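Look for chain A in each of the two complexes below; its partner is chain B in the first and chain C in the second.
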Partner chain A sequence: MSRPWRNAIVIGILLVLAIAVPRLGLPAFYVSLLTQTWIYGILAMSLDLLVGFTGLVSFMQAAFFGIGAYVVAIGATRYHFVDFWPTLLAAILIAGLVAAAFGALALRSEDEGFIIITLALNEIIWGLAYQWVSMSGGDNGITGFLRVNVGPFHTTDNSGFYYLSLAALIVCLTLLVLMVRSPFGLVLVGARERPRRMAALGYNVWLFRYLALIIAGMFAAVAGVLFAYYNEFVGPGSLSLDTTVQVLIMVILGGTGTLIGPLLGAGILVFLSNALSDITQRWVLILGAVYVVTVMYAPDGIVGLVNRLMAKARSRRELSLAAGAAVGGAFHSGEGPK
Partner chain B sequence: MGNAFYLQNVLGGLAHGSLLFLIAAGFTLIFGLMRIINLAQTAFYLLGAYVGLSLGLHGVNFWVAGMAGGVVATVVGLAIYGIFLHRYHASPLTALLLSLGFALIIDDGSLAIWGGDPQSIAPPHMFAESIHLGSLVFPEYWLALIVVSTVIAAGLLVFQQRTKFGAIIRAAVDDEEMARGLGIDVNRAFYFVFALGAFLAGLGGYLGGPITSAYPGLDGELLPLAFAIVIIGGMGSLEGAFIASMLIGLVNTFGRALFPELSYFTIFLPVALIMAIRPQGLFGRKLQ
Partner chain C sequence: MKRVIVWLRHHRAAAYVPLCAVALSLTTVSARGAEKPPIRIGVLASESGTAASAGHDMVTAWKLYWAEHGDTVDGRKIQFTFYDTGSDPARALTVARQAVEQDHVQMIVGPYLANEGLAVAPYAIEHKVPFLEPTVSADDLTQRKANKYVIRVAGWTSSQATHPAGAWAYDKGYRTVVTIADAYAFGYENVGGFNQTFTDKGGKVLKQIWTPLGNTDYSPYLSQIEAAKPDVVFVEMVGSDAVNFLKQWHAFGLKGKIPLIANETTTDQSNTRTLPPDVVEGIISFGHFAEGRSAPATQEFDTNFAGKTGKLPSYMAAAFFTAAQWIGDALLKVHANVEDTDAFLAAVRSVRLADSPFGPLQLDAYNNPIENVYVRRIEMVTGPLAAYGKTWNVVLKTYPNVSQFWNIPPQQYLKQPVYSTTFQGLKTP
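Let's look at the complex of A and B:
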């Protein structure tokens, strides 16, 4: 079976499974964990566009997630701005504008400087959410707004919200995959690997990175909008350093530059945090340790690890096939180790 | 808002800046020498605060408890650097990501040992009173902290500029390969600077304790301030770190008093402007 076919079948099966989940009679608890996975998955993939494909380790992705969430909450509670689509559009636009301003500042530095500056910029937004009590509700956050139905999705129902998040995930994943495979995405990767050569080829490396920052910010805002509706609550924690760190861990644990890896990482973190917090209070400590081991021994994350193991198995099989042929073909050659 | 208001906030701001300097000094030195952004730096601060607190509760002298906090932070820091971080010299990003993991581990480990309630730290007996000057009232300890931090800053500068080991460190910052070629044991300088950075942060944790107190998440709150300081002061610059610490301390204190809803904004907006105009900071050299 050729690879595209195999991939298509795998994707089809996963999709059917994902759609079937709320009807399998699983406890509602698992449906809500999966809903969170899809939402954090969008956020983690948006960060992967920067970390994995563009080579920019941004510490301000939580800010755009939070902006999306606060647009929902502030819009609904202070400006009677409650329709889903206008809210989503406003969130994406505002996040894009802030990303355009922050990106222009942050891209004046590279590498370590970029990390430091993005972290500081994230704090501006966090500081507003935390301290501007009359607007953001401060530490108490904002409640008093409700989920709204979107098209066919009855979101007040948890399985309805599950499908909304799944649909959003599929749309975002498709858009991101198309983007990274487009010439635009190839230039991003090229500029990550060989910025000078790309510049010499006539590409405006700065502009491509800048656009990637803005686009990633917009995707993060989509995740933030869903997150706000899902919880029917928004607090400054959603755009704190903790969120940044968790999302970064999702991306690295799953595998940078793979999109699907960060989604996997999001699932692992969501499920692990729930499972572990039942058993132990020290789940952050365990997370830290898992993360350290990942960075040290599997820097390309789980997807990278699996790819490496599969490549090894494949080359061993090919090697044994070749060896079998070389022995003289006296034995039929299908007997490689499985 | 008379003069007393301004004077009190100036003193409070300088005291706040003094404790920030103890974090930022190590942060900037470690970055300057090894190009490692040590995200565990404020976790060392928290660790030092808690260790000192435990000793203080058993009647240990304030300054001794502070030193002990620094020593424990040094031991933990050296273990992290010696076992893990030093292997990733060639890739500062990996070192940064690792230090983030250790920050989580230290933070949650402290929560396990010392619990989640904020714990206040009493200033030493000899500076426990307040000073009254007309309508101006402020704790004596503020002055003591400002003096201690300034003396440490001066000591670090003299060490860096006037001693042979300081010269070795400066040489390694400027051109590591050349320093190695000259037979200088650069690795020793790495270990030393990392240990020094951890010690200062750990010491700062207990000395700053009477102002910040100690609670889980304090490290996460202080980290952005340390970042702001190195952005303003310039990565790797000790003088810059000192001046920027005081500046951030003042802006933070006045911001809280004058614009309680926007005090973070008042810190990070100037930071953003400085980044736009001088990405290398006010005192820093351009990052290569």
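Let's look at the complex of A and C:
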């Protein structure tokens, strides 16, 4: 079987599984953890567009996530702005505008300078959410708004919200995959690897990075909107430095520049933190150890690790093929005849 | 392939373990025959994160009550599960979901922080799960957002103990105040309560200082306070902020120079137990708990808690201990029939504790306790408990049966907004 076919089948199976999950009698709590995974997955993928493809380690992705969430909460509680689509659109637009402003500032520097500036910009948004009490509710955050039904999705129902998040994830993933495979995406990667050569070829490297920052901010806002509806609560924690770092860990844990890796990372973080905190109060410590081990032994993330193992298996198979041994099927490649 | 099968075999064997456990537990249940299933209580406590030490106090005190009184009510066992909120409201929501949707708890007790409580409340209300809050003090939860499912058992509102403080300060002869507090809702509400009653009588607020949470250097603020020359300073601080503030207040020589009135958390045992006596001795504060209160209910709790942990209790510990007592009494009233939620809620509302570590407690119409507020002074611990702590809060004066609305009619009180940076209850002359 050729590779694209195999991929299509794998994707198909995963999709059917994801759709079937709430109907398989999975306890409601795990359905809600999966919902969280889809939402954080969108956020992590948006960051991967920057970290993995554009080569920009941005520490302000939580700000756009939070902006999306606060647009929902403030819109609904202060301006009676409750319809889903206009809210989503407003959130994307506002996040895009803020990203345009922040991007213009942050892209004046590179590398460490970029990291520090994005960190500071994220803190500004956090500070606003924390201290502009009359607007944001300060530390208490905002409650008192409800999920709204979207088209066929009855979101008040847990599985309805699950499907809404899944649909959003699929749309975002598709758009991002198309984008990174388009000429635009290739320029981003080119600009990451050889910025001077790309510039010499006539590409405005700065502009491409700038656009990537804005687009990533918009995707983060989509995740933020879902997060606000999911919790029916928004607080400054959603755009804190903690969140930024957590998302970065999801990306690194899963594997940068893969899109699917950060989604995997999101799932691992959501499930692991819940499973561990059930077992021990010292779960944060264990989580930290997991990160260290990952960075030491799988610096290119889980997807990278899997790819490496598969490549190793493939080369072993090719060796045995060359030796004239039996033919192994694609799925038996890891267990080639000995 | 072979390896996969071997692994699967192991895996399958592993899968039998929980199955066997389920089967075993089923047989033990049926062996007990007609015995009812246990009452399931979900306890949300911040066992990690910024409020971890408070979380430990809460869990310890909660267990202490049930260890002393038995975890069976009317023949029905109480099974409590602890959930770690990580001091984070979004996480508090996640574990609340776990408690309700996965473990099917019949009530939620906790969490600790105001923002956690505000986040979980709408969820609990939506799922009709009694939400019993021993420490969450956000004013609005039993005021503008009051709901029948949200009850502060052995709890308090942020401004409940500071209303008397403002009136007391004026009667003491102070006419001008500078306030300094953490820049978040708990701070705004504490100071707002003080300011409202203080200015109502004719006092004047010279300056209000809001400091970021986790601040370590108070010297710039202290010189501002000194320059303003107030009659008195009112302070609200939590956790390490309180420790740092009190240390620097002493180090700058302001202690004994400018009169200081503190809110409950600033001189809570959890903060003062780490400070040398000369830093804190003599400080006046207002609170609904005083570990140095001489009444038997408080002393007995102090003794038992100290015996268990080697230290004197914080108000958080007292709150979870008393909440356990409160819930135990309510369960007894409904003969442990917790499945009838409305009857159980009515029972919780009707509980009256003649004496508790806090003193007498009963709820008002908005589900917040009417309780004593103590004017407290930090003194050296005397008697047998001196082995467990250096200083504690003793009672100078008791304001009995204080309501969250102070002496203002509730309807009138609720017309004003909740205290914030923009509304401090100031009477404009």
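To be clear about the criterion, the second predicted complex is superposed on the first by the 322 of 338 C-alpha atoms of A that agree within 3 Å, B and C clash if a C-alpha of one lies under 4 Å from a C-alpha of the other, contacts with A are read in each partner's own complex, and residues count from 1 in each chain.
Keep this in mind: a contact is a pair of C-beta atoms (placed from the backbone, for glycine too) under 8 Å apart; a residue touches a chain by one contact, two chains touch by 3 or more.
From a predicted model like this one, the values you see are computed outputs, not experimental measurements.
Enquirer: Putting chain B and chain C onto chain A via the overlay, clash or fit?
Expert: In the superposition, chain B runs into chain C.
Enquirer: Under the stated touch criterion, which partner chain does A:Leu121 make contact with: chain B (first), chain C (second), both, or neither?
Expert: The first partner, chain B, only.
Enquirer: Touch check for A:Gly235: first (chain B), second (chain C), both, or neither?
Expert: A:Gly235: touches chain C, not chain B.
Enquirer: So, does A:Pro86 touch the first partner chain B, the second partner chain C, both, or neither?
Expert: neither
Enquirer: After the superposition on A, what does A:Val284 contact: first (chain B), second (chain C), both or neither?
Expert: So A:Val284 meets both chain B and chain C here.
Enquirer: Counting residues of chain A touched by each partner, does chain B or chain C come out ahead?
Expert: B
Enquirer: Could you look at A:Gln131 and tell me whether it touches chain B, chain C, both or neither (first, second, both, neither)?
Expert: both
Enquirer: Go through the superposed model and pick first if A:Glu112 touches only chain B, second if only chain C, both, or neither.
Expert: first
Enquirer: In the overlaid three-chain picture, which partner chain does A:Ile252 touch, first (chain B) or second (chain C), both, or neither?
Expert: A:Ile252 sits against chain B, while chain C stays out of touch.
Enquirer: Is A:Asn140 touching the first partner chain B, the second partner chain C, both, or neither of them?
Expert: A:Asn140: touches chain C, not chain B.
Enquirer: With the two structures laid over each other on chain A, which partner does A:Gly12 touch: chain B (first), chain C (second), both, or neither?
Expert: So A:Gly12 meets neither chain B nor chain C here.
Enquirer: So which chain B segment collides with chain C once the two are superposed: 116-124, 224-232 or 242-250?
Expert: Clashing stretch of chain B against chain C: 116-124.
Enquirer: Overlap the chain B and chain C contact sets on chain A and report the shared residues.
Expert: 130-131, 133-134, 281-282, 284
Enquirer: How about chain A: which of its residues touch chain B in the complex?
Expert: Listed in rising order, the residues of chain A that touch chain B are 57, 104-106, 108-113, 115-117, 119-124, 126-128, 130-134, 240-242, 245, 248, 252, 281-282, 284-285, 287-289, 291-292, 295-296, 299.
Enquirer: Using the touch rule from the top, collect the residues of chain B that touch chain A in their complex.
Expert: 31, 35, 37, 84, 92-94, 96-98, 100-105, 107-109, 111-112, 220, 223-224, 227-228, 230-231, 235, 260-265, 267-269, 271-272, 275-276, 279, 287
Enquirer: Taking the touch rule as given, give the residues of chain A at its contact with chain C in the complex, in rising order.
Expert: Listed in rising order, the residues of chain A that touch chain C are 27-30, 32-33, 36, 130-131, 133-134, 138-141, 143-144, 158, 231-233, 235, 237-238, 274, 277, 281-284, 332, 335.
Enquirer: What residues of chain C sit close enough to touch chain A in their complex?
Expert: Interface residues on the chain C side: 1-4, 47-48, 83-84, 86, 88-90, 93-95, 97-98, 101-102, 114-115, 118-119, 121-123, 138, 145, 183-186, 188, 213, 420-422.
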